[in-house]
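Note that subunit A is present in both complexes that follow, paired respectively with subunit B and with subunit C.
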Partner chain A sequence: MKIFKPIAALIIFLFLSISQAHAAEIAVIVNASGPLVSVSEADIADIYLGEKRFQDDIKIVPLLYPEGAAKEAFLRETVRMTQKEYKLYWTKKIFQEGTPIPKTPASPADIINTVKETEGAIGFLPKEILKDLSGIKIIMVIGIK
Partner chain B sequence: MRLGIAQKLSGVFLLGVALFAVSISTAYIVMGDLSNTIDESSKLSRKVNLIGNLQLSLNKLVIPVAEYISYGDKGERDHYDKLIMEVSVNLEELKQQKGDAKWDEVLSTVSNDSVKLGEMIVDILYMDNPVGNKAAAQLMKKVYEFSERVIGEAERFHRLTIEEMKRMEEAAKAKRRKANTAFAFILIIAGIALPLFSLYLSRYVTRPLLALHKGVGAIGEGRLDHRIDIKTGDEIEALAEKFNNMAVSLEDAKKELDRRLLELYTLYNVSKVLNTTFETEQLLVRLVRDISKNLDIHRVMIMLLDERTQELYSASFTGFEKEGLKEVRRKIGEGLYGLVVQTGTGRLIKDVDSELGLAKVDILSPDIRSILAVPFGRRDRTLGLLCAFKDRPGTFEWYDLEFFRAVSEQVGVALENARLYLETKLQAITDGLTGLYNHRFFRERLEIEIERTGRYNHSLSLIMLDVDHFKHYNDTHGHPRGDELLRELADLLQKSIRKADLACRYGGEEFALILPETGKETAVSLAERIRKAISEHPFPFRETQPLGTLTVSIGVSTFPTDNKEIDGLIKKADDALYRAKSEGRNKVVGA
Partner chain C sequence: MKRLTKIPFIIILLLFPFYVHADELSAIQETVARQQEQIDFLSQKIKDHENEDSSKFGWNLGLFGDINYTTKSREHPHDAFYFHELSLYSAASYGDRLNFLAEIAFEHEEADIERVWIGYTVNDLLVIRAGKFHTAMGYWNKTYHHGRQLFTTVDRPFFLAFEHDGGVLPVHITGLEIEGSKAFGIGRLKYEFELGNGPEMMGGMLEPNNASDNNSSKQPVLRVSLRPSAVKGLSVGVFATNFEVDTSTKTGLDETIYGADIVYAANGFEFITEGFIFYNPDGDGIACYGQLSYTYGDWTPYARYERLEVQGTDPYFKDLPGGFDRRQTIAGLKYDIDPIRSSLKFQYRHDDATKDYDVFETQWSFHF
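Let's look at the complex of A and B:
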């Protein structure tokens, strides 16, 4: 616990500094050759609400971004919930249905790698961070207000 | 129930196997229970583990709140995600543990309370400016309290688990007791059964086999009277019986062999006697003695047939001392013995009491119970009987009859040989025509008598006798008549002499008489009597003799007076004879 806190703080600080410095758009990315290349907005919402867990028999792996403007924007556009509402929703959901909460990877690089490597992965992050788009497809772009 | 050896052994074996099977099954069941118990135990400890994990994760939930209130770090919101996920996972694992209604109830309560707790925490986490916020702190206190409550709820899992553990312990104890009972039972049964098996096997297998082994060994060593005593009602008993039968057969065979051996031995001895004894009297005596001794027959008798009188008479016997038996005489065809001789067939009377038509007088002693009578002879001529007697009935068997027949054959041969021997002997020493001793014998005998007489310092006289005008008789009436005359003369001489005297044919018409223990006077006196008797005897054609009747001239000499040597003695008698002739014949002259 004592080790975790400083590292988490550092990482989050980095995230925030990066995201807030150049924050303008969020890209929603999926695996380029995965089954999610042509999901709809409604599907994305379902995914992030834990309602849709498989696509073409492939397990969907939804990924979150740390607390912040990016996450807020994303949630607002997709599931139309605040971060708090989202958390409360999931608090209920995991106990009632046992569905796992979407994971929040440690760094943006992890998000990118996971999406590249996992067929059913879907995540979002500030568009600027995305440099190398190989194996990744941007399916949606959301503006941060 | 008659059980064969295979069945007995199989039975014992099967019982043993059954006992073993029961033990193994019990052990298997116990082992099964034991592994179940271990499994349950593991499950329980896993449950305990999971409950601990749940409580830990529930505990951890308050950390992000505390941090947030202290430092306002929004990152704690993401931290919350992980922690609440942990609680959920733990709860999920507990859900998978099998539980009863109580367990499910606790699960449900904890689940709902976790949601509530989570919501409370989220509320605080999304407050702006939580640091130093009194409201936040108060909410925090509520969170702590609630958290305690939820953890307390989770504690009920523990209690339920403990209850389950206790139940398991009880069940395990009960099972152990059952197992102990089962094992004790098996031990007792084994403790009773195994000695019983041993006893059974020992009695029905080992000991009989040993008895068989010993018995066969004994019989094999030659102890044929040994009988194996086994009563197991199975193949071993049957085998023992067979061995016993074999021993009986062997014993019988041995007895038979012994008997035959004895017979052969006796036959051999008898043959030896028969073939080495030529004197009939000696022969008969030795025969009855040998047969009696060798065959252990107390009473044996040999009867001979007197050709002249056609009567059987007892020639020798043994074993009749008590009865003082003197002689047994029977006519041919008379009684037992007479019939045997007549028919020429041996008779075996096993029991005189049950024999009809047996004359009492033929049972030569009141002690006799069994009689064996066998004839012996040569060609068609029966020479006599061989008889054996026993004091117990039924002691003679058919093979005794056979044996005696064999012996009697030999006896017949031997007696014939004895007779021939005698004949031959006689032939050697007798004169064929007259039957008197011949010249050779005369000389031999004279020598012996002289020697004996000399030893005892007695006297012996010699008479030389010559037929007067024999040549005239022969020429007148022919040689056959002459021979006949000599024969008649010889007979007369035999009748005239005493028992101890010997009459011999000295020459053609010359005779010599040896008179042992006789002095000159007596001899001369006897010679005179003989001369007279001859001159008076109605010999055929005696009238044609020159002297009107048949006469003899006699010379007498005496030992030792006239001469001490054989030749001298003879010469003296001869000289006296010559004087008798020259003095007119029909005269006795002493030397």
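Let's look at the complex of A and C:
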């Protein structure tokens, strides 16, 4: 019985540690052999604001994730906007410049495949979904709060 | 022996939960398979929609409009319901570099081509457009067009009104436009340069000269703006233009307008301020406004102060219906039924000139 309490405490501590290690994270991914492998965080913001459209003469293709915690965290950390503010920003931009809003692929697999197949593609998705990193480079990791 | 006869019964009893769970598992698997089919079907529909031809007119088609109620004002001699205009627009792109935009406004019994251009993106430093645009005279005129759903307030600052509404600035130009931006350590620097037909004084207002030019002098417009890296949400710009215009008292008047704009938007706050200086050899004037708003959920309280001061002898302002000393103070509340699609605005406006007005206005704006 004397040994039970320290063992229980150890188990609880290990459980909490593992939980923290697996807290949700978002990975920002680009094509591993494309022109975006060394873009800065400021460049990522400019890309998703439609201000930076080419890199080394290659068209940049920004991809969005569906509405939710991952997109909220990404927008907060990069362009400093909520999802609502971001939608409004792009409504104004389309009306002002005709610039099309970044696309939201149908599934995380489509995001990964597009990034692998398109030199100028950049996307973001929960890091836990990424199993096979071939053809992909993670350039930024964001924690979901 | 009795124990032996009990054994099959015990085995069945032990296996019974698994038999029940196997049934449930099968049902769940069938449900999952059906749902996967639905997901695959919807995914394909989304892909098909995304692959629609984005080069066609109408692929990205939108309409802005607004219905208003106002008490007696300088613009409306009686309390009145009215709608400003319906603004129909479409933007399209072809490939990575070619894009188009057209905006037509239907106002009362008239239809005006407000903007129409074709553009080619060489790279981030050079975008070339030809057509009719809003002049790069400051932040508001380049950001906001005819869609009041995108305004925080009921209307534009009075001196930035469109030409046919008594505005004192040439807010449209037909010609060429180039723009570009580049990131430096200090921030992203952007330039916008336009060259087109200068305006003409016609019927007591500035006419943009869409179809021809009444003189050979062309109007250049330049705006340079910076989004500093050190302060997220801040943008500062400077701009200038010059044009030749014939007034009722002076032929070939050389008019110069220059100014600066500051915009800060962060954490729900938005602050916009712009100043304009008008100069010609026979007179000058100044115009400015400052607007502050804060968005909390679906509600946005706001306030704005606007001012125009002119010289009474200035031949430029004398010909313009809006060319007189005037101040305006606005306070209001915007409620977003949907921030993109529809909003309600409730606004008080004190309009101070030779005759003062206290105006209460309500607007229901929409975009679809």
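The rule we apply is simple: the second predicted complex is superposed on the first by the 122 of 145 C-alpha atoms of A that agree within 3 Å, B and C clash if a C-alpha of one lies under 4 Å from a C-alpha of the other, contacts with A are read in each partner's own complex, and residues count from 1 in each chain.
Simple rule for what comes next: a contact is a pair of C-beta atoms (placed from the backbone, for glycine too) under 8 Å apart; a residue touches a chain by one contact, two chains touch by 3 or more.
Computed from a prediction, not measured in an experiment: that's the story for all the values here.
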item: First, second, both or neither for A:67, with subunit B first and subunit C second; value: first
item: First (subunit B), second (subunit C), both or neither touched by A:37; value: neither
item: Contacts of A:54 with subunit B and subunit C, given as first, second, both or neither; value: second
item: Partner chain in contact with A:24 - subunit B first, subunit C second, else both or neither; value: neither
item: Touching partner for A:133 - first (subunit B), second (subunit C), both, neither; value: neither
item: Subunit B versus subunit C as contact partner of A:83, first or second or both or neither; value: first
item: Touching partner for A:107 - first (subunit B), second (subunit C), both, neither; value: second
item: Subunit B versus subunit C as contact partner of A:141, first or second or both or neither; value: neither
item: Contact residues of subunit A, present in both the subunit B and the subunit C interface; value: 84, 87-88, 91-92, 94-96, 98, 100
item: Residues on subunit A engaged by subunit B in the complex (per definition of touch); value: 1, 4-5, 8-9, 12, 64, 66-68, 83-84, 87-88, 90-92, 94-96, 98, 100-101, 104
item: Touching residues on subunit A, where the partner in the complex is subunit C; value: 42-43, 46, 51-54, 57, 59, 80, 84, 87-88, 91-92, 94-100, 103, 106-107, 110
item: Partner subunit A, residues of subunit C touching it in the complex; value: 42-44, 46-47, 50, 54, 60, 62, 64, 89, 91-93, 96, 99-101, 119, 121, 123-124, 142-143, 145, 147, 150, 181, 183, 188, 190, 229, 232-233, 266, 339-340, 367
item: Subunit A partner contacts - residues on subunit B that touch it in the complex; value: 60, 63, 67, 73-75, 77-81, 84-85, 88, 91-92, 111-112, 114-115, 118-119, 122, 125-126
